[in-house]
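What follows is chain A paired twice: with chain B in the first complex and chain C in the second.
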Partner chain A sequence: MANLADAVNLVETEQTARHRRPLRINWLALAMILPSIIALLLIGLYPLLFALSLSFQRFLLNRPQNNGLFVGFENYATVLNDPLFWSSLGRTLTMLLIVLIVQIVAGIGIAVLIDSSRWRAVNWTVKTALVIPIAMTPAVVGLLGLLIFNRDFGLMNYLLGLIGIEKVNWLGDPTMAMVAIILTDIWQWTPFAALIMLSSLAIVPHDMVEAAKLDTKNSWTIFRYVKLPYLMPGITAFMIIRTADVLKLFDMPFTLTRGGPGVSTELISLYVQRMGFRIFDMGVASAQAVLLLILCIILARAYIHFFYRTPESE
Partner chain B sequence: MARAENFQTGLLSSRAQKATIRRQRIPPSAWLQLALLILLLIFILTPFFWMVSTSLKEQNDTFAIPPKIIFTPTLEHYNLVLFSPSAIVPTGLQNSLIVATLTTLLALVLGTPAAYVLARFEFRGKRDLWFWFISNRFISPIVVALPFFLIARDLQLLNKPQALILIYLTFNIPLVVWLCLDQFRAIPRDLDEQAKVDGCNLFESFWRINLPLAIPGVVVSAILCFIFSWNELLFALILNRSSGQTAPVQAANFMTGFGVKWGEMMATGTLIVLPVVIFAAIVSRHLARGLTMGAIK
Partner chain C sequence: MRKGFVFLLVLALVLVGLAGTSAEPSRAQGTWSLAEAAKPYAGTEIRAFFLERPGYVAAQQMIPEFEQITGIKVTWDVTPYENSLEKQTLDFTGGTAQFDVVLVDVVWIGNFAANGWIVPLEKFYKNPALADPELNLDGFFPILLESFGTWDGVIYGLPFDNYSGLLYYNKCMLQEAGFERPPDTWEELLNVYGPALTKDGKYAFALQSRRGETQSADSFMRVIWPFGGSLLKDDFTSNLSSPESLAGLKFRQDLMRYMPPDIVAFDHDETVQALAQGQVAMITEWSAFYATLANPATSRITDCLGITVEPAGPAGRKPALGGFSLAVNSSSSEAKQAAAWLFIQWITSEAKAKEYAERGGVSGRRSVYQDPEMIAKFPHYPALAESWEKYGNAVFRPRFPEWPALSDVIAQFGTEMMLGSISVEEGVARIEAQMATILRDYTAGRLPKLQ
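Let's turn to the complex of A and B:
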């Protein structure tokens, strides 16, 4: 595991550093950083390795007789041949693509709107309100979704009725239930995109914008060539954070649809949880989790490779 | 005296002038912006207000079409979920408070010295170590939840707050390190040199000089840790199923389907959400900074 290698690397570095130039303070520095490393090794890395070993075992919570039997890649074969795994993964990635596009575009729109508006008090109110959806407990947001997307007396159908659209069976229809989850996610997390874009816009140098205004009156051109470059790091970071969030999205869909109707909204985290704690097959669930983790690492590494800068490379 | 008066009237008139200029100058596009901002505000806040108002409605009013905006409020649902003999919400909130507070404190105790060392020392593999710290925040909880369940079962930590306090460190330590690292970097190193001259060792200069100066970053990370821990469902659902339930687990236990007690459900939801929402709104500036700080660096 790369993580373990990193940790070993640190210890070696500390030793070689001590050989090169014996500094008294290194011991104290080590003592200050070590507790957090040990904590993360114990609660982060150890369970991870545990999951890895479980994924090669037969491990049924409800029939523990043969638990611990080494089965090689059998669990992985089960997962890779499981159409439900692929459909839940496909569903999750589709949702990811939609929410990323909508939230980034809407987030930029909101940020530009606030940034260019002269209504100070309203701006301040909107900025304050933006943190509210982000802070709301996702499990409660899911419950709230049950109310708002209710077919008979939900707010959503009432509003659609006002513009003459017939009642939609949001949570009973496989497609619409997915749309309900996506809409809820958009409501909750677009403000996060807007906040990131707002603070990115704040670092656009004012005189550059003024200079550009002398050249062109087209505000789209100014946005595209002067402001957008400053938004790119924020957009990338948003993509990384939200990708991880959507791949582990559990709370809100769990209370909103429980993966239903049928398995039509079962996102990957819901499926892994069901495999582990409803079907009680920890071996297969662990294999799923390991594959999910690998996907997570590949995506994060890809984003970081293409766009992201750590504090070191500033 | 006279001059002051003069000055004041001058100021007043210039202010009045500005006001009139401003009033004259408002172009239609600004009114459009205002309309859009208000629409946005309604879009953001309506679901929240809907939850609160439903928690105060009689069941009949909940089903009303068109939805009732003006109604006679009732506290019966709150009375039921908080004070009836079978009420479980108070213990849920209490458990959440204990878990969120203690895990936040622990994350600060472990995370801030580590962030300080990372900000002040150069060593090989530091970048990898930083990345490893941060990557813990991105690991899907379901990956570690399965083994953690088995480990906690063997250590007899199921249904106890300790297990949650520890496991929440997986996302809280990275958060503290991430945000505080930035904060410590912003503190001039001269202060450390000065402290060394005064005979402070590394820890003393961290504790007495750097930490107090880094309080803004520490507070922001503490707020975020608290909110994320308060809101967490998956670990809590798997580890603390029966006793020791946190509030989000109770929210998730509301049955879906027919005969849902909407009022009680929304009253419970409001009780869970209201503390963090009020908290977040009060410190919204800092919160927005914390949420976006790592992002635009």
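Let's turn to the complex of A and C:
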């Protein structure tokens, strides 16, 4: 959930930047937040700087004799010339695009349904149920996926069998294995989108909706011009969080397919892990991680630039 | 008087001589005791690296006895196999000595030993204060001590959790199809048993082939050796494009007709389950899975379970070999090292071997496999002992530090080969290209050619 905090911070800095006040330092407040700042620097910034320095060194864990040798941009050159890096990055970005679109659209749909429902008990139950997939450990989700997508005994093929569809070779076929990973991710994270959208819908002023209803009976028009603007900050935050999330998505695919069959589900994080902890080339693995971080920052800035609008600015 | 004095002198000398001769053997055998040896280390706490497998559960059950005798406290961490190389490597390179008793897979011994991360055991077994006179290193199956205990002629670990590949089969399914015995050769399995047993949604065979060590070790290497192939030539260049290696890999492609269509997603669990639930008729799996297959709670075929040695290929019988030894971390303090040694020596000892086996472990001690009582209890023992005694292949997988990287490359192209997205020849060519880079320090003569 640190991601959520980061994203909210980003959104807030954008807001405060617009109405900047003269700087006055509140020493007491500073003293009180100092311990957490120090902790953050230690566990956030230090490893980052360490990885940055590693990325310029030869650092093989299983041949430690010449470790620490400065090699300039050699590790970066290795990464950029590695076709496997590009193919796993491409796979990850394709998956990101698909899950973002599906999760945002489905999330809004679920949120609007709950928001317009009048039964409080149903609302409460659905909201609680939505939290369950998010709260599950990704590694466990992957293990569940192994059972659900098993060709012979799996739940998925059983359900498909009920409507007369032949057994699907989910985990043994390169394309279907990727589909299984995407479906699992959608299952786990659509509820998160729904919850964010639900809280955004809650801040839409009631009188504005009422006023709009006087002008038009078309509920799509009301959604598009009255409600959607209030959803945009939430959507942007969701996109930033999920982008970082998918770029480092590891546990679930690792337990579900381990990147196989072949390289068909090798997402970028699996590849970085493989480089670091199977091939034990920490230098190259760090270079990959640094490049990913840069990509993540660029995407986050792009999202804010293109999607982030406060309702007032519409 | 003088006579009497001489008599007394002679008597005294004789008595001293007698005492001397009888004292010698007692110091070698009788007076060494674990309790005495452990006295200086009482209160020392050591930590062991364990997996979640039956042998480690057996050890956990036995540890209280060791603690009681020695006063040494033994704790342990249970880690999934997939993370264990990474976790231990980080412990070694960080010098943190979290684990005093480390676990060495057959394919890690070169890595750990060449980097000096584990202690040559000579240090302990040549020290009379620490060495149990009944240690008897020759009591281990030589292949086990050699392959995952020894590197470059030096012993680093004692075999603890030992595996051989075995052919498990469903007698009832075979009998129904008219077979009175399991296949003796791989060709027979493919040509005779394959077509007869693949029908009605059931398959003749399953070869665990999921990407990872399962693909590279259990699937890829398993078909190369029996056909006379190998991974490397003596000069450490690839031998994969030899006609023999290619024949093995092509054999695997042919065999896929008689295996479940999602075989590339099968790990050990799926494979063992497929046999246990009656979905496939035969599997070649590690000896350790006997416990799962023979237990009515986890297997439907306990009455039909048959076990024998792996089938032979044109080059003979070359079953998969695997297992783990226990070794001592070089970064641990001297006291912890000694305590760790005493524990390793005790848990792998001949005296404890039977108890260890009865609790679910697979001992590396020959004596257990000759015990008629044990053979009656564990019907797979003769096949297991035969595999180690006659067909053991210490370099079934190379044991140098580069194996994990190589294994990854093989796992990737090996599965792609099986899926048919690349041909066997093309897959081999791609593995060879990357292998040449990974092993360049060997081929250029910068590293000694040890595997």
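In this text, the second predicted complex is superposed on the first by the 272 of 314 C-alpha atoms of A that agree within 3 Å, B and C clash if a C-alpha of one lies under 4 Å from a C-alpha of the other, contacts with A are read in each partner's own complex, and residues count from 1 in each chain.
Simple rule for what comes next: a contact is a pair of C-beta atoms (placed from the backbone, for glycine too) under 8 Å apart; a residue touches a chain by one contact, two chains touch by 3 or more.
These figures come from a predicted structure and were not determined experimentally.
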{"item": "Contacts of A:M208 with chain B and chain C, given as first, second, both or neither", "value": "neither"}
{"item": "Touching partner for A:D152 - first (chain B), second (chain C), both, neither", "value": "both"}
{"item": "First (chain B), second (chain C), both or neither touched by A:P174", "value": "second"}
{"item": "Partner chain(s) touched by A:I101 [first = chain B, second = chain C, both, neither]", "value": "neither"}
{"item": "Chain B versus chain C as contact partner of A:R258, first or second or both or neither", "value": "both"}
{"item": "First, second, both or neither for A:I294, with chain B first and chain C second", "value": "neither"}
{"item": "Chain B versus chain C as contact partner of A:F277, first or second or both or neither", "value": "both"}
{"item": "Dominant contact partner of chain A by residue count, chain C or chain B", "value": "B"}
{"item": "Chain B and chain C contact sites that coincide on chain A, given as residue numbers", "value": "152-153, 258, 277"}
{"item": "Chain A-facing residues of chain C, complex", "value": "85-86, 89-90, 93, 111, 115, 210-212, 215, 260-265, 270, 274, 277, 279, 401-402, 404-405, 407-408, 411-413, 415-416, 418-419, 421"}
{"item": "Residues of chain A touching chain C in the complex", "value": "61-64, 150-153, 169-174, 177, 257-263, 274, 277-280"}
{"item": "For the chain B and chain A complex, residues of the former touching the latter", "value": "26, 30, 33-34, 36-38, 40-41, 43-48, 50-51, 54, 62-67, 110-111, 113-114, 116-118, 120-121, 123-133, 135-151, 166-167, 169-170, 173, 177, 181-182, 185, 201-203, 206, 227, 230-234, 237-238, 247-249, 251-252, 254, 256, 260, 262, 265-266, 269, 272-273, 276-277, 279-281, 284-285, 287-289, 291-292, 294-297"}
{"item": "Footprint of chain B on chain A - complex, ascending", "value": "3, 5-7, 9-10, 12-14, 16-17, 25, 28-29, 32-33, 35-37, 39-40, 43-44, 46-48, 50-51, 54, 110, 113-114, 116-119, 122-123, 125-144, 146-148, 152-153, 155, 158, 187, 191-192, 195-196, 198-200, 203, 233-234, 237-238, 240-241, 244, 247-248, 250-251, 254-255, 258, 269, 272-273, 276-277, 282, 285-286, 289-290, 292-293, 296-297, 300, 309-312, 314"}
